[in-house]
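Paired with chain B in one complex and with chain C in the other, chain A is shared by the two complexes that follow.
Presenting the complex of A and B:
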């Protein structure tokens, strides 16, 4: 583990040397509760008279719903409420921001509860609230649904064909030129780039063009979706749920159920992983609808099978990438054609996939075209850097092949073409201060890259990019009478944000970290907060937390000025104490935070620091990964021998958490590259809806992931923070594929590189010799 | 006059024009003036939009200042996981 910091000035370096908390590896505030089992996750809440809610789900991949008969189920003793499509208003088509990208309320209401058709196996059809789970399951079995089973389509290429069965009969392709006049499964076409690619390819000495296919993969959070809803007779409602954004949940639920937003209070539980998959609603509106009908609290918890069948994976894709370069290693043009699965409703992350595909490279001629395609699978949801791992896998694989054809070291090749500050990005604007070159140089200098390989082993390299975002955050600091502080934020802690936010506040206030208690407030306790996603929380909520602390310090200085009867301009705040500039002193030479807190009632009332902002200026994070693999030629198993992540963090507030993000992203990428895929039968039913058959990496599958934190500060954050949570999952797919290509001499163009696929490729290569 | 570049599908609503100069002191004014100049584009200038001013990306910020020589890019809104 290492940190490589690019200092912006001697002054800043001096400031950093004086940090008490920022940059340290402080003890996490949520650790004890989590290791003792005290932490309350989504399913842990129990209320008096609480009912159990269960969902009836479609056994078909595609079918028209002819009728739903709940009469027998309603008569079953112990059943308190049943809801179907009849209990949800049909909402008009309206796109709203919701984490990954825009979502459509017409689609959300149909995904929460099927209306005209079921569009994938596991699509919700009806829900029951009963006195216990046994009765609820019995009631589900009594619900009669008549279907007209329809042909289905799972493959993105098949779904684009003119003869493909239409998943939504009225869908016209947005962005088609000329405009589409016939419905198809292609929801959208997008295009980015600049220059003229034909001119660029004409200048190339070497051109490589390849087609790639990837499979959908699930976010794989350990905690299933879970919530408890309680609606009173007067329409006031409370909801507890495992989510990355309880304000977003509140907005969606209120809209779907026709409620006033302020009448619904949502509390985010501890969250057992999200990775983007908990930015949408599935159970929450249904539990509220059941509770509203039953006038009793209702708990709903997905099984693991439901999580796989009914919650969003990342897209699978078909892609074609073409890159040309001169003999001396300069890329002359790059083109990517991307087809992403959206699931049953439009909205795959193909736009950001297209925008990110060539972001690491300074290209004069570049073009990326994306297609958003419906298939009979669950609607995709965000998954760390949504869209980017897929497109950058294809581009970074071809980049590696071009470098090899030119006999240029892959890191040297990337350095020759790397985006730098001022580079016009392939998606349009010029980059500000970015750290790609620094990550490449650090990877090149790393012991890992310099170490020898054994015969038969392979080493791969890939870089990756993600935008990161800012957005709305609201923070309150409530001062207690003993000088301790409650830090209340509205962005659920999915990756250690309570630690990083608390450290920044303690740094600003000049107090011990354990005097600041960070917590997640419910939706009625703070102004609006956008969700935790887009790698935004330590950046955006962090900036707002610093502003709230500075607001509190300003009030503390005013109180000290009053006590000493001097102008506030004479008061300094240093290391948790008020000091007078001229050193005259009042009754005491200094006034501590505790002194001022103890007397706050007598000096003006409660001391509350507040700040709210729609934070802009999120800076992107680039990373470069190096991986060594060995391939068992008899079993086809790819073993990860060594793995190093190098990434720009801007400023690592808590280096251990940053390293954890790097390691977690790399491991999820390893799963994506080597094993994870959905396997369907001929009827479109998922056959591996469980962790025994859906093969995610476990500890024994991976070595210790080494990390290097590069720090190229973001000028839009007081400490220079850039988001780090998403970029680490971008490079692994290509880095591992490149390593396998170097180990075997076989270039894979399909993920996952699972043992059967690797064995088949080895056999094919042997037979062709 | 700010130099404005339209990325993604926006050129479909400007008869293929992707680069233009517009007088605007902030994002709200920019979007209004663009909508007046290209009425078909107005309906696209919605929440599903990010605006980069001299490389810094803004989302939902009507009053972010645009300088007379600023380079502005209109692009799809960015989310995350």
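Presenting the complex of A and C:
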């Protein structure tokens, strides 16, 4: 199964011939460290005099904390500090951005350390720092907590009922019409759309309306949350942690602990996966509080069970989707009503879910309404295109059913209704140059889509969308005296961004790739950087890195002009060298980067390229997936036979890592569709908080994942980049469900399509015949 | 209770250590010997991030007590390269971009080495089932499997 790269623009193809690095498959600069075990992740740092911190967590899904008695634990030899709610100030309600989602400081401080109540099993309520893990665990067992256990609610539909137990007693629904006058578990109502859906449905020849349910799934990064905090006696602090955004961590921790932001220096370790789940803080403020109390460094690492119980899964949801179309295959109206679980605090990704639901379609009448609903589960965190896989699963399932009713090929049906440049999206913006049609056409032409199926097998198709973001990045290029360069960025490298950023900088400077050493600076080394998320790093930090390189080139030209005593306008920069226009003579024919670096002390001092921007112009990425499945009628197991991802990258700076994003997102989507779910007992306790029972795809579950990179350039990026990391997880849920429907003749409206559910559906279908 | 004295050979070096009876081999490798290339992803033997080769067998270091390592020979990721020469699997992982975040990579490399040590010509299916004890959440496994198959082919030639 060859990897096919489709270049859509012939002009760019021609330009590309001139690139030395962009578009190549260079070995990543951090690669050797990662294949030799040298790379240091969150749990890999050891400091002298370091203590081990451990967290006490709630065994109850919902309970009032009557008292916490730490007196016995404090007396245990080897215990150096204990913190509880007493050690954290309360914070007022204030929303701040975290990735594509918003977080509230009042809630964050309660999530890292429970105050009035514990709101889910696993909610933190005390932490111990001790000389070693054995003593720390003993101390946790000595902490006495008195609870008043309260009724709990896990299901999103149950939680919305007027008689449901209130998780937060004073929560009034934001955006309700008419305004809410009494508290409920519904935190927020959002609505997007345009036109009049009743007018649209009146024009339809066919209408399909379905209800869907999905379960929470975890991001499943292999590296648990980990950090090392060290606060000195004068209040200056160092924090090492595994995070997608160390500047964001710095801001949250400083606020929670009442510190000056500049007193806290945060260093991002290598990060062992995040997928959105490492955009928030859990351990970090607690480790800092323990260290401040003990005046010793404190290391905290979550167990896998803690990761499942206390760090952000993605929302489970209940949804209704209704789509109408004319006989000739034109969609007349679409409506989606989305109820997303937020966990114990408000802030599910239902706003982006509602925004993305109908984005692949050019619709005159469209409406998406979302409700953000509290339940006694861990607070959800971003997970790769947060909210979009859920809503687009429902929409793409109904689109498939409508196409089938009309007897139109599912790709043809999508092409008839596809968003194009100039389409007004259901959530407001008018699309620029997007590549949806190109992905549909490439999928249609692909050998996979043309190949025959065996009896009993099914093929499914779905498209997906994510809007992508830009945001603040700050980049420095420090020139060494031998003409090599340190490229310092502040967005953690989660999947190869040091490679793509280094390649763009080497391209701009005209130097060999190994003369540029990309690294992630700590929070004191650069201006503010927003986090790695929203598929923004290669786009936004990439644009800023290119601008920093251009800044450096203009300084190099100035230095050459000074040496040659000619106007700077006469100096060109080409292939890593300064030369004079028109071949007019100077002391030498050319001045290389190395020449200029060696003499920088005499020509004006250090050569530092810099750029700091709030980057605008992120372009959305659309994808279309094709999947073939077989269903074992005896075990209910769905086997993925063949899988193809087609997606618009704008421009693939490093095609291998773009393919890697496509493949990884598709396989996470396969897990979401077929096996992954949170399973609770009647007391609200998670029953499958481990990798044996929370079943993520393993190597033998999946085939090779074929990829097609479509390139419709983004005009706002110097090389045309669009973010690619998130869109790949959007289409798989519906694509697989559509394939199962074609294989079995049974349409599922619930995920995951795990063997027990598939068997039950087969039994129900045969008994109803 | 007094600590247990353990003598081992790790990556060709004689290593002696003292451990608590409840410490795992992974705890000692990481926290005491500071060989942090082996990772803890689950501590239950489900993710393979702590894979090491002990007396020729692929094992999860999180499932072994350190005291059980007495007299054994252990290979960890830190011993995989030969001086400045990367092992062919390490080079193929780099060339194939078979890693993204890289936290599972040491475990995959050790597991793949254990496979090729006993079966130099595995099929794709054999590679996939052998590596089914190692979780990767980033790559979707495609490039990892290709890297292992290409290493096998390269080594045979």
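FYI, the second predicted complex is superposed on the first by the 753 of 769 C-alpha atoms of A that agree within 3 Å, B and C clash if a C-alpha of one lies under 4 Å from a C-alpha of the other, contacts with A are read in each partner's own complex, and residues count from 1 in each chain.
Convention: a contact is a pair of C-beta atoms (placed from the backbone, for glycine too) under 8 Å apart; a residue touches a chain by one contact, two chains touch by 3 or more.
Keep in mind that this is a model prediction, so the values were computed, not measured.
**Q** A:705 contacts which: chain B (first), chain C (second), both, neither?
**A** After superposition on chain A, A:705 lies in contact with chain C alone.
**Q** Taking the superposition on A as described, I'd like to know which of chain B and chain C A:95 touches: first, second, both or neither.
**A** The answer is first: A:95 touches chain B but not chain C.
**Q** A:224 contacts which: chain B (first), chain C (second), both, neither?
**A** second
**Q** Using the touch definition from the top, say if A:215 reaches chain B (first), chain C (second), both or neither.
**A** Neither: A:215 stays clear of chain B and chain C.
**Q** For A:726, select first, second, both or neither according to whether it touches chain B, chain C, the two together, or no partner.
**A** The answer is first: A:726 touches chain B but not chain C.
**Q** Once chain A of both complexes is superposed, is A:495 in touch with chain B (first), chain C (second), both, or neither?
**A** second
**Q** May I ask you to decide whether A:174 touches chain B, chain C, both, or neither, giving the answer as first, second, both or neither?
**A** first
**Q** By the touch definition at the top of the document, which applies to A:625: first (chain B), second (chain C), both, or neither?
**A** neither
**Q** Of the two partner chains, chain B (first) and chain C (second), which one does A:690 touch, if any: first, second, both, or neither?
**A** second
**Q** With the touch criterion stated at the top, can you tell me which chain A residues are shared between the chain B interface and the chain C interface?
**A** 219, 275
**Q** Under the stated contact criterion, what part of chain C meets chain A in this complex?
**A** 20, 22, 30-31, 34-44, 46-47, 49, 76-78, 80-81, 86, 90, 93-97, 99-106, 109, 125, 127-129, 131-146
**Q** Which of the residues in chain A come into contact with chain C in the complex?
**A** Listed in rising order, the residues are 25, 27-28, 30-32, 34-41, 43-44, 46, 134, 219-224, 270-275, 301, 303-304, 494-496, 654, 656-657, 659-660, 663-668, 690-692, 696-702, 704-705.
**Q** Mind pulling up the chain A residues that touch chain B in the complex?
**A** 95-102, 174-175, 177, 189-192, 219, 275-277, 279, 349, 351-352, 355, 382-386, 427-432, 466-472, 533-536, 614, 616-618, 716, 723, 725-726
**Q** Can you check the complex and tell me which residues of chain B touch chain A?
**A** 5, 7-9, 12, 46-48, 52, 54-61, 64, 71, 73, 75-81
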